[in-house]
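Below is one structure, written out as structure tokens; the observations come after it.
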Amino acid sequence: MVDAALAEAARLGVPQCVAVVDSGGHLLAFARSDGARIGSISIALTKAVSAATRKRPTAEEGGGDPIMTIRLALAAERLTGIGGGLPLVIDGHVVGAVGVSSGTVDEDTTVARAGLAALA
Amino acid sequence: MVDAALAEAARLGVPQCVAVVDSGGHLLAFARSDGARIGSISIALTKAVSAATRKRPTAEEGGGDPIMTIRLALAAERLTGIGGGLPLVIDGHVVGAVGVSSGTVDEDTTVARAGLAALA
Amino acid sequence: MVDAALAEAARLGVPQCVAVVDSGGHLLAFARSDGARIGSISIALTKAVSAATRKRPTAEEGGGDPIMTIRLALAAERLTGIGGGLPLVIDGHVVGAVGVSSGTVDEDTTVARAGLAALA
Amino acid sequence: MVDAALAEAARLGVPQCVAVVDSGGHLLAFARSDGARIGSISIALTKAVSAATRKRPTAEEGGGDPIMTIRLALAAERLTGIGGGLPLVIDGHVVGAVGVSSGTVDEDTTVARAGLAALA
């Protein structure tokens, strides 16, 4: 998944941080490409953990309402409503998630989707 | 950089905390002038770390949208959208950053700029 | 480096967590093989960060004295004297480090060495 | 104090991290010389905070007994028995402290003393 996501990031010309976690939100794999921001490492991980443990894309957190997602984030750890975190669903079960950060939200989401697609 | 920033702070008559970090966000130098707030030490450091590791002025974080920067800050550590953190760019590369806190955002930014200018 | 380390881990029949960081101690790559302990994720990262930012193998921390390494660990973050963290030295400069955890200290060290060797 | 300490460090040929805090243990000034370990930043700060808030040289913490200092460190924050933290005493009052880290304990202590001496 990480390799596929990084390949998509390279195709877009956007350096990225890509994190993959299991269903418990624990890190399985991570890669940061040259030029990706150090300050995005933690954001990629938060997106992945959020998507895995909340069982939904980060962009759909709090019904998509930014203020609600802030209130949720303040009540939890590693929960975010910023797009770029996608759950990995197999046979209807969330078995993990991928989180991407260092580009725009659209770029992050595209790269995360490429990661998921590699398993399809 | 710290000396130049403090000189500008003295010229403005505003006590300040000034932090300089390397490209990894690790502290290189710090100074707090008489009267600067203890509670601003950590803010100055956060501004510097944010500017260095996110490779952009803190005021430009999250596209300048306060709600978005709150959401980002909740997904990371030492990330802020409050002005006063500026990356130090040499030959197109972010090699570190300066963060200033204890005055208004405008004063902090002016003092941070004076720090950067000292290296020009 | 991560792939080479995991290959060695597979050869030994020991599931492992492998973390690679840059000279600032920031995560570059990570992988956890099937069966490796979730509780070892953070230890692998700590070993890598310690070796990179202290510029020495974790086993040589505090002169190899367990009590001294406990005292150092209490004065810092992500510093450990447990073997399995090795700095990556190029031309005499520490440019990063690898940290391995989930096996015995000997196994972790062997896997970390295999990671370093992949770059030689 | 920082400048004097760094001058002594240069004389010894040992890169150092030097932290100066006020009586409340809050950072007043900091400098890291080229080559000093990133992993020593926090240790220098801990030594300074410990010396200021415990009003004694770090080497005298817990009566100099390593096990006792570990027990104390586990019960507090930023308390250490590792030498290199010295309180700054004026007219019998502890008004702050200096903490040094990145060399041996002897080197750190020598550099810390040079920092104190600059105020005498």
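Each chain carries a letter (A, B, C and D) given by its place in the written order, and its residues are counted from 1.
In this section, contacts are C-beta pairs under 8 Å (C-beta built on N, C-alpha and C of every residue); 3 or more make two chains touch, one makes a residue touch a chain.
What you are looking at is a predicted structure, and each value in this text was computed from that prediction instead of being measured.
When every chain is reduced to the mean of its CA atoms, the largest separation from subunit D belongs to A.
By number of C-beta pairs in contact, C-D leads when B-D and C-D are compared. For this pair, subunit C with subunit D, the centres built from the Cα atoms lie 28 Å apart. Subunit B and subunit C have Cα centroids lying 32 Å from one another. Centre-to-centre, using mean CA coordinates, subunit B is 26 Å away from subunit D. Shown for subunit B are the residues in touch with two or more other chains, namely 23-26, 53.
Judged by the touch criterion defined above, the protein chains form a pattern that is neither an open path, a ring nor a star, and not fully connected either.
On the side of subunit D, the complex with subunit C involves touching residues 37-40, 42-43, 46-47, 66-67, 69-70, 73-74, 78-82.
Contact residues of subunit C toward subunit A in the complex are 24, 26-32, 38, 41.
By the touch rule above, subunit B contacts subunit A in their complex via residues 23-25, 49-50, 52-55, 67-68, 70-72, 74-77, 79.
Residue ranges on subunit C touching subunit B, taken from their complex, read 22-26.
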